[in-house]
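Structures incoming, each one as C-alpha cells.
Presented sequentially are two complexes of chain A, the first with chain B as partner and the second with chain C.
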Partner chain A sequence: MTISQRQRLMSTLRFFLAGIFAVLLLFPIYWMGQTSLLPTSAVLSRAPSLLPDPAASSLSAYQTLLATYPVLTWFGNSAIITAGSALLSALCATLAGYSLSRFSSRTAHGIAFVLLLGRVLPGTLLVLPYFVLFRWAGILDTHVSVILANASMITPFATFMMKNYFDDVPRELDEAAKVDGCSPLAALWFVVLPVAAPGIAATIAFAATASWVDLLFARTLLLTPGHWTMPVGIASLIGEVQTSWNQLMAAGVLSVLPVFAVYWFAQPYLVGGMTSGAVKG
Partner chain B sequence: MASLTIDNVVKRFGAQTIIRGVSFDIADGELVILVGPSGCGKSTLLRMIAGLETLDGGAIRIGERVVNDLQPKDRDIAMVFQSYALYPHMTVADNMSFALRMAGADKAARDAAVQRAASILSLEQLLDRYPRQLSGGQRQRVAMGRAIVRDPAVFLFDEPLSNLDAKLRVQMRAEIKELHRRLGSTIVYVTHDQVEAMTLADRIVCLQGGTIAQIGTPNELYGKPANLFVAEFIGSPAMNILPGRLDVAGEAATLELADGVRWSLPAELSARWRAEGSRDVAVGIRPEHLREAPARFSVPVDLPVAMLEPLGSDTLVHAELAGRRVLARVPPESVDDAARRIALHVDLGHLHLFDRVTGKRLGD
Partner chain C sequence: MAADRAAPEGADGSPAAAAPIAGSRGSGAERRLALGLLMPALAVIGAMLAVPLALLAFISLKGLKLGNLSQILRADFTLDNYVRILGDPGTWSSLWISILYIVGSSAVAFSLGLATALVINEKFPAQRLFRTLILLPWAVPGITATIAFLWIMQPSFGVLNFVLRTTGLVEGDVNWFGDPSLALVAVIFPTVWKTYPFFTIMLLAALQTIPRDMYEAASIDGANGWRAFRWITWPSIRRYAVVALVFNAMYVFREFDFIYASTRGGPNGATDTIAIRIYNVAFEKFDLAAASALGVLTFVLVAVSVWGFVRWQMQAVQR
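Presenting the complex of A and B:
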C-alpha cells in the first residue's frame, strides 16, 4: 500500500468514525424534535416511525403547551437567571483568571487550589447550606439566589478557562500597555480583554449553558411556580399518572433553541486568531 | 531627552542575585548598548529602567529624578520590545497613538504625532492596517513608531532585531542608527549580538554575571578589552586565546607558549609588560592579526591547516598554533583551497596579554 493510499484510507476511516459520533450525538435531539411534532397516538405506538412523517406532523403540541402552561414566564425567568449567572461568573472569572495568570505567587497558588476544591464539591452538597443561607439573607425564592448559587458553581471552572486564555496572551502586551500609560486594570481593559475576546465568549457560552440547564438550584431555591425556570417547568410536566410526551418534547425543543443561538452567535469568537501578528511573526 | 544614571543597582530573584551593584551614566543623546551572553542580566536591567521590574538596591535616575518607585507610565520612557508587542486588535495608527490617548491628548494632537512618526519611518501607507497584515520589518518599524510618537526622555530597545532575518536586520540596524542621528535621542539598547553593539553604540556596557565587565566605546572594547571575558565576547570571530608564560629578564621580555613556541618581544613592546613581571598569562590574538604579510613587529609561523571557511571578502583559516586551534582571517587569494600548511605572521604589536588567574588585562 502506498503512502497516499494509506493516507486516503486513514482519512476515510476518520470521517466514518466522526460520522458515527455525530449521529450518536445528534439523534436524541432529532428524536426530541420528531416526537414534539407527532400526535400522542403516534408517540405511544409500538413501532414509531424513525423518519419524519409530514402527514402526521403538526404543531399542536406546541400550541397546547403554550396555552396550558406559563412557558413564556419560565423562559423569561431562565433568561434573566442565565444572563445574571453568566455575566457574574464571567466577570469574576475574568478578574480572577487574569490575576492567577499574571500575578503568580504562593498565595495565588493557594487560592487556585481552593477554587479547584470548590469545583469538586457536588451541588447536592451545597444546595442545603445555600437554602439556609439565602433564607437567612431574605433572598430565597428570588432570581438573585439562583444567580448566586449558579455563579458559585460555574466560576471556579470558568476562572481556569480564563486563566488559560490569558496565559496565551503575551505578557509583553500588558507590559507595552503599562509603558504606554495604562494601570494594570486599564491594560486589562484596553489591551488584554480585546485580545482574549474568544476566551471570554467561550466562558460566557459555557456559563450560560451550565446556568440554563440548571435544575438542582432552581428546583430547590425557587418555591413559587411563577419564579420557575424552564428546566423546573419541564420537570413539572412529568405527571405521576400521565405524561404528555409530545408536549414535554416541545418544551425541550423550545428550551434548546437559546443554547443553539448562543453557540451560533458566539462561534466566530470561539475560534482563535486574534493574537495573530501581536508578537514576532 | 535626558541623561540616565544607574547607581549601584541590585536585583534579586529569590536567592539568586541577577544584578550585582551595577553603576554607570548615560549622557543626554547617547546611544548605549548593554551587551552580554544570555543570563548576564542585560534585559533585567533594561526592564528595571522601564519600571517593569522592581529594584532591590540602588537607584535609577532619569534626568535629575529618581524613578525607582514610579510606574512605567510616569517615567517618560518608551520601549521597543523584542517581540514587538503590537496590539493586535488595533490598526497601526491606533497602536502608535495609544500612549497619547492614554495621556489624554486630543485627536488632532494624536493624529499630528502619528503622521510625524509615520513619515520618519515611511509608514504612511500602512496606518490603516492591522499588525497581522504586516511583514516582520514593518511590524518592527511600527513598534519604533509607537515609541517615537511619545517623544520620551529615554528610548529603550530590548533586542529589537533578533526576530528579523539577516538581511532585514542589517537594514533595520542602519535605520536605527539613522533614527538616532536624526532624533538625537537617549537610547538604551539591549542585544546579545556584538556586531549590532559594535555598529550602533556610542558606548557599550558589557555585562557578565550581573556585573559590568567593561564600559567603553566599541573601539576601546575591541582594541583594549579589559579582561578575558570581553576579549572573547567582543569580536566575530572571537579572539584566539592561548595559554602561555611571560618571562621578564631585565629589559627583555619573552612569551613562551606550548609546544616549544617562544617569541622574544622587541624592546618597544616588552616595555608594555615589563612592569607586570614574569607570570602565567593568556595570550590573545585577533584573527586578523594572524596575517599573511609581515607587520612592523611580527614573527613568522608555519601552521598546519585544519579547515578553510571562505566568506567571500575574507577566508577564515582554522589552523593549529601551540597545540590549540586558532582562527586566522586572511585575504581569499592568499590561501590555496588544498593547502595543508599556511605561512602566517603573528602581529606582536597587537597582542593582548591577560593574567591567567584573574583574567585582567596586562600592560596598557
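Presenting the complex of A and C:
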C-alpha cells in the first residue's frame, strides 16, 4: 500500500469513527426531541421508529404539558436564580481572580487548596447545614437561599477561570495606567476589565450554566411547588407522568434550550476556561 | 513581568534573596487592596463553606436527631452518632458502591474520551463542527440527561431494549434501573455520557502539545500505530490524563442528580453512594445527626485526598 492510499484509508476510517462518536454524543438529545414530538398514542411502542415521521409529528405533548403543569413558572424561577447566581459569583470571581493574579503568589497555594476543597465536597454534605442555617435565618424556601448556595459552589472554579484570564493580560497595562495617575481600582475598572471582557463573559456563561442545571439545592431548599426551578419540576414529573413520556421529554427539551443558546455563543471560551482551570490551576 | 510576579519567592527560588524587595515595595497599600478584592469571594465562601462545616461538625456531636438551630445548640454532646455510623454495615457498603461507581464510570468515560480525542485530533471532514458539538452533554442538566436515559433504557418501550431484542442479544426485557444487579451499571450510562466530553477536551488539549515531527521521525524508524501511541503519545499526555481522572473522580464522587432522579439509591441499596446516603439519612430518615457524622467523615476523606493531590501537583510542577 502506498503512503497516499494509506492516508486516504485512515482519513475515511477516521470519518467513519467520528460518525459513530457523533451518534453516541447526540443520540440522547435526538431521541428526547423525537419522542417529545410524538402523539401520545404512538409513544408506547414495542418497535419504535428510529427516524422521525414528519407527518405524525405534533406539538400536542408541549401543549398538554404547559396546560397541566406550571412549567412557565418553573422556567421563570430558574431564570431568576440563574441570573442572581451568575452575577454574584462572576463579581466575586472577577475581583478575587484579579487579586490572585496580581498580588499574592505566596498565599495563592493556600487559597487554591481551600477553593478546590469547596469544589469537591459533595453538595449533599453542604445542603444539610444550609437547610438548618437558612431556616434559622428565615430565608428557607426563597430564591435568595438557592442563589447563595449556587454562588458558593461556583465561585471557587470561576475564580480560577478569571485568574487565568488575568494572567494573560500584560501587567504593563496596569503599570502604565498607574503611571498615568490611575488608582489601582481605576486601573482595574478602566483598563484591565475591558481587555478581560471575553474572559468575564465566559465566566458568566459558565456560572449561568452551572446554576441552571442545579437540582440538589433547589430540590432541598425550595419547599413550595410555586418556587421550584425547572430541574426540580422535571424531577417531580418523573413519578407523576408514568406513561406520558412525550410530555416528560418535552419538559426536557425546554430545559436544554437556554443552555444550548448560551453554549453556542460561549463554547470557544468555555473550552479554554475549562482546560486552563484544570491544567494550570 | 515574570520577575515581578515571582518576586516574593525570589526569581531563583531562594526566599532570602527576595525578602528585601518584597519589604521595600510599599506593600501595605497593595496588600490591603489585594485583601479587599478577595473579600467578597472569601465572604461568600466563608459564610457558605466554613460556617456550614463548623455547624455540621457541631450537629454530628449532638444527641438530637432533628430540630431547629436553638434545640440543636442546647442538646448534649455525644460521640454516639459516630459509633452508630461506623458500626453500620450500610456505611461501608456505600463506600464500596461509591468506589465501584467512580472506577466503573471513569474507566468507560476515559476510554471513550481518549478514543474521541485521538480521532478528532487529526484532520477529517466536519472536524470543526464535531469539535463544537463535543462539549454539548456538559451543558445538559443532569436531570435532563437522566430522564433521557430513563426513557431510552425503559424496560418495555425503551429503544435500547428494542435494539437489543432485535439484534438478538437479549431474549426478554432488561429492567436496567429496577434490577439490583444492573442498577449501578444503569446509572453509569448517563454519568459516562455527561462526563466523557471532559476527557476528550482535556486529552485533545494535551495531544496538541505533541510536535508533529516526532511522529514523522518515528514513522521513518518504522514505528506506527500502536507503537507510536505507546512510545510518543501516551508519555506526552499521561500527566494530563491523571489530572483529568482525578478531577473526574471528584465530580463523580459528589454526583447526586443521576442517582437521585433515577433510583434514589435503590433498588435494595444497589446505587447507594456516600453522597446519596448522606442525603437520604438527612432528608428521608430525618436523622440529621447521623447524616452530619457521615458528612464529617466524608469531609475528612475528601480533605486528605485534595491535600495529597495539591502536594503531588506542586511537586510535579517544580520538577
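Going forward, the second predicted complex is superposed on the first by the 233 of 281 C-alpha atoms of A that agree within 3 Å, B and C clash if a C-alpha of one lies under 4 Å from a C-alpha of the other, contacts with A are read in each partner's own complex, and residues count from 1 in each chain.
Here is the rule we go by: a residue touches a chain if its C-beta (ideal position, glycine included) is under 8 Å from a C-beta of that chain, and two chains touch if they have at least 3 such contacts.
All values reported here derive from a predicted model rather than from experimental measurement.
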Contacts of A:165 with chain B and chain C, given as first, second, both or neither: neither
When both partners are placed on the shared chain, which of chain B and chain C touches more of chain A: C
Touched partner set for A:75, first chain B, second chain C, both or neither: neither
Partner chain(s) touched by A:62 [first = chain B, second = chain C, both, neither]: neither
First, second, both or neither for A:25, with chain B first and chain C second: second
First, second, both or neither for A:194, with chain B first and chain C second: first
Touching partner for A:255 - first (chain B), second (chain C), both, neither: second
Touched partner set for A:215, first chain B, second chain C, both or neither: second
Residues on chain A lying within both footprints (that of chain B and that of chain C): 170, 172, 274-275, 278-279
In the complex with chain A, residue positions of chain C that touch it: 1, 4-6, 8-9, 30-31, 33-35, 37-42, 44-45, 47-49, 51-53, 55-56, 59, 68-69, 72, 112, 115-116, 119-120, 122-127, 130, 132-145, 147-152, 154, 156-157, 159, 162, 166, 190, 193, 197-198, 201-202, 205, 240, 243-244, 247, 250, 253-254, 256-257, 260-261, 274-276, 278-279, 282-283, 288, 291-292, 295, 298-299, 302-303, 305-307, 309-310, 314
Parts of chain B lying in touch with chain A, wherever the complex brings them together: 50-52, 71-73, 77-79, 81-89, 98-99, 102-103, 130-136, 139, 146, 150, 163
Touching residues on chain A, where the partner in the complex is chain B: 170, 172-173, 175-183, 186, 190-191, 194-195, 197, 274-281
Parts of chain A lying in touch with chain C, wherever the complex brings them together: 10-11, 14-15, 17-18, 21-22, 24-29, 31-32, 35, 43-48, 50, 88-89, 91-93, 95-96, 98-100, 102-106, 109, 111-133, 135-136, 148-149, 151-152, 155-156, 159, 170-172, 184-185, 209, 212-213, 215-216, 219-220, 230-231, 234-235, 238, 245, 248-249, 251-252, 255-256, 259-260, 262-263, 267, 270-271, 274-275, 278-279
